[in-house]
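First chain A sits with chain B, and in the next complex the same chain sits with chain C.
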Partner chain A sequence: MNEIPKRTIVQRFHLVFVFWLVVFLICLIGSSIITGVNLDLLVSNISQFFELLKQMVNPDWGYSRYIIQPLLETIQMAVIGTSLGTLIALPFSFIAARTVIKNKYVTSVIRFFLNLMRTLPDLLLAALFVAIVGIGPVAGVATLTVFSFAMISKLFYETIETIDFGPIDALTTSGANKMQVIVFAIVPQVINQFISYFLYTFEINVRASTILGYLGAGGIGVFLQRSLSSFRYDQTAVIIIAIFVVVLIIDTLSNVLREKLR
Partner chain B sequence: MSKSIIEFKDVSKIYSNGTLGLKDVNLTVDPGEFVVIVGLSGAGKSTLLRSINQLQTISEGDVLIDGQSIVKARGKSLRELRRSIGMIFQNFNLVKQSSVQRNVLSGRVGYYSTFKSVFGLFSKEDKQNAVDALKRVSLAEKIYTRADQLSGGQQQRVAIARTLIQNPKIILADEPIASLDPLTTKLVLDDLKSINEELGITVMVNLHSKELAKKYATRIIGLRAGELIYDKKINEVSEVDLDQIYNGETASPKEAVNE
Partner chain C sequence: MKKIIKNPKYNWLIWGVIIIAIYVWSFSGIEFSGIKDSAGEVTNSIFGGLFNPDWAYTYDGSGEDLVNLIIQTLAIAFLGTFISAILSVPFAFWAAHIKKNSSKFRSQTGKIVLTIIRTFPEIVLAIMFIKAVGPGAFAGVLALSIHSIGMLGKLFSEALENADYGPSEAITSAGGNHSQVLFFATLPTVLPEFLSLTLYRFEIAVRSASILGMVGAGGIGTPLIFAIQTRSWSRVGIILIGIIVMVTAIDFISGILRKKLV
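Let's turn to the complex of A and B:
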């Protein structure tokens, strides 16, 4: 009896895997035919790309002093948006966590609402807010606030649900109320993770806010759009390099900080 | 006879999945006793302890703490009753990321308003109490250390200090030594014993070891399948009795219970 069993044909030729691979390829090819993706177009127009690149290798460095202000504005938008979003997300994440609220109906309703918020793409939000509050950084801040709120609340409540429940019991049995349980038993367990997620969201928001200006939501994106539509690719180059440097610095800083928080 | 500090009246517990936790338990504990609860795993020892501070609700009956029903208590009155009952757990249940001092002080928050405790505004007196509690368990020098840097035995003794600062009348210990080695086991149980004898705090402990039960208890009670099948003062306990609790050949429950 103690022998290695014979594998079935399905096992021997990994037929299940092959089947799904074929299905995947059919879907891929099918959808590209239906949507009319044409690689030829990309290849035949590659000269356009080199033309653009040629203009961009000679950046208009003099332009850089005009973009410092909007770059700072972009970062400010990200800071304010992320902070406001986090502040609003905090109470929601505690209410959505099953560790804190035992009533499944309450958590489910809150989670449904949070899921709904998360389905809104940031560009759609930006378009909405530009329509509501008009062109300018306020629309950008509003967009980032809602976007961060949706993202952070999810990350936070999932963190709250992974904690060690023991200290909650210990605090509860010593006569602490709900708020005291949160502050003494839950917050110390999640605070580092929270800061880490905050920084991560901030990184994403800095990148996102460079694009939001495209829709009129303030920041460097406005200048990016202006230079592109006036075919000043030498200025575009300066903007792209500047964005690259800023994002790199912020990502590095944030990564270093988050590494320290482990 | 002095007034009882814990009283079980016909307490039954059936879990939502149908498991029987406790069945018609009647029990009175006098102030200052050191009660050890013995029995096999799943006999209802933890359920019994956890129904005393309502960490576990019961299905029927009533539990009185100092004459007051904790089962019927809600909100503030429940929190005030819980405040007078300390609890020690198998897994220590310290907040590992917090300092020893903050862990100990967290045992005191039941005495503070939400506002004061949230902002950590503990009185000088309570900070001194925290130091005294740590001295009692011989860990004063660890006050600023993060809890996760302590050994298991040290963590359990910090947990004892945390319950002490609560100024409890009762300390419940749910398998307090199950994850400790023999040496730290002795330290932890010695601490509980001295607290019991010097401060007069009633102690109820779940233990698996017959030897330790006999060494520390002033009274031993036995559970099997949720029923109280044994209850004697330590000087009446015999080795044979204890073997029977584990082997399952005890006389009928009514005869064995000492009135």
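Let's turn to the complex of A and C:
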């Protein structure tokens, strides 16, 4: 006890920290080179960016009556996409939950599949579905269905795994089968959380659906693309403000409902 | 709502009617008949492409191959997240409502600004930056660095609000000034959380960076959209596999690092 504790070389020179710093700096410099960072260009041309912003500050309000219909279509796409995705996700979330299926191999395979699905970004799915079903809102619905399926199934199976086992054991010992256990022991415990997650996914889908149309998958994004490609940034501004209002309304409604579910 | 509905017995009825109305409205708005006849065929081709990918595209030394573009995508995400993490800190202090007596107005305006940034579509930002600095990875970096502020600033400000203020009070009572409180108490307390949130945002940025190329902002998205448009499905297959592997690997590594941090 009367010795000063000796520090190892690693501790004395903070080697762990230095190691991470070096790794970080290499990544940073490497990234700058690969992405062709050019600050001179940025400084000399940033005025063009602000020029566009300036055009956006004067929105073409007359345009707003043309975008109400596509905005509604966007919400319709989100409602159907989220609902279909949830319907498909339900059986998967029960199979992926270790509290329902005791076989580790089954749950692991399902989870691996769900993880792979979740890696695909929304716009990428939209591009694929536009190629499959053609330009239009159906491609958007399909995109949102797959996207919410991947997200909901994970949220759901994690919820199912946190439940209380008492009711399950009680039902199992009194001779209930798997289906009865799910309906009478699991569902009542998770239903509120499920609805809450459903609303949360719906919020995300409303945001996502506003840009899907950029690739032709219906909704307001189609008009966003049109206004951008015709350089009508005053119309773009109206669309962005409209998206903002819709997202705000949906988020507020959804938050109120989710508060009630608590 | 509660005041209007006197008898809670009929609550479910009212909700049922509302929900049915929403679904009727949604399904009436989407034209489901417009699916192309070739849908099944294209789906088969896409899966065919996934199982018979164009391996030759993986690496051909031209700089436009899969490996190079995946690295470029990661570089865009890394640099974009890094810049936005730095830019987010002042926004976080602006939006965080820390002390009871601090200005509510200030934190509210900060939160609104962050919401506006978050809702401004990433793709529109990318197009605006492409107008300024030309198409390529740099425009993608700039779009990501600005767009991510919306989310990171919000997460950072929440971390600041939930932080432990014991150390700052200790330094204040020992006569420390504002910058000393900031550098010796506040930042060390929240830094691990900030890093963890930044890593989380990096995971999302990797997904974004892989689709920003669809509008010309660099990365793997550009060859992907070309491959889809020219219907070269084996090329689409190899790019999809590349994206799935990249995102899975990044999620895995980032998950380990975040577990170490918190």
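In this section, the second predicted complex is superposed on the first by the 237 of 262 C-alpha atoms of A that agree within 3 Å, B and C clash if a C-alpha of one lies under 4 Å from a C-alpha of the other, contacts with A are read in each partner's own complex, and residues count from 1 in each chain.
One rule holds in what follows: a residue touches a chain if its C-beta (ideal position, glycine included) is under 8 Å from a C-beta of that chain, and two chains touch if they have at least 3 such contacts.
Because the structure is a prediction, the values reported are computed rather than measured.
Engineer: Let me test your reading of the model: by the given contact rule, A:Pro137 touches which partner, first (chain B), second (chain C), both or neither?
Structural biologist: After superposing on A, A:Pro137 lies in contact with chain C but is clear of chain B.
Engineer: Considering only touches as defined above, state whether A:Pro121 meets chain B (first), chain C (second), both or neither.
Structural biologist: In the superposition, A:Pro121 touches chain C alone.
Engineer: For A:Asp169, decide between first (touching chain B), second (touching chain C), both and neither.
Structural biologist: It touches chain B, and chain C stays clear.
Engineer: Quick one: is A:Asn58 in contact with chain B, with chain C, with both, or with neither? Answer first, second, both or neither.
Structural biologist: Neither: A:Asn58 stays clear of chain B and chain C.
Engineer: Comparing chain C with chain B, which touches more residues belonging to chain A?
Structural biologist: Counted on chain A, the partner with more touching residues turns out to be C.
Engineer: Is A:Ser230 touching the first partner chain B, the second partner chain C, both, or neither of them?
Structural biologist: neither
Engineer: Just to be sure I follow: which residues of chain A are touched by chain B in one complex and then by chain C in the other one?
Structural biologist: none
Engineer: Where on chain C is chain A touching in the complex?
Structural biologist: Where chain C meets chain A, its residues are 22-23, 25-27, 29-32, 34-36, 39, 42-43, 46, 71-72, 74-76, 78-79, 82, 115-116, 119-124, 127-129, 131-134, 136-138, 140-142, 207-208, 210-211, 214-215, 218, 221, 224-225, 228, 231, 236, 240, 243-244, 247-248, 251.
Engineer: Which residues of chain A touch chain B in their complex?
Structural biologist: 164, 166-167, 169-177, 179-180, 183-185, 188-189, 191-192
Engineer: Under the stated contact criterion, what part of chain A meets chain C in this complex?
Structural biologist: Answer in residue numbers: 27-28, 30-32, 34-38, 41-42, 45-46, 48-49, 52-53, 72-73, 75-77, 79-80, 83, 115-116, 119-124, 127-128, 131-134, 136-138, 141, 207, 210-211, 214-215, 218, 224, 228, 236, 240, 243-244, 247-248.
Engineer: For chain B, which residues are in contact with chain A within the complex?
Structural biologist: Residues 53, 55, 79-87, 89, 91-98, 102, 106-112, 114, 117-118, 159, 162-163, 166 of chain B touch chain A in their complex.
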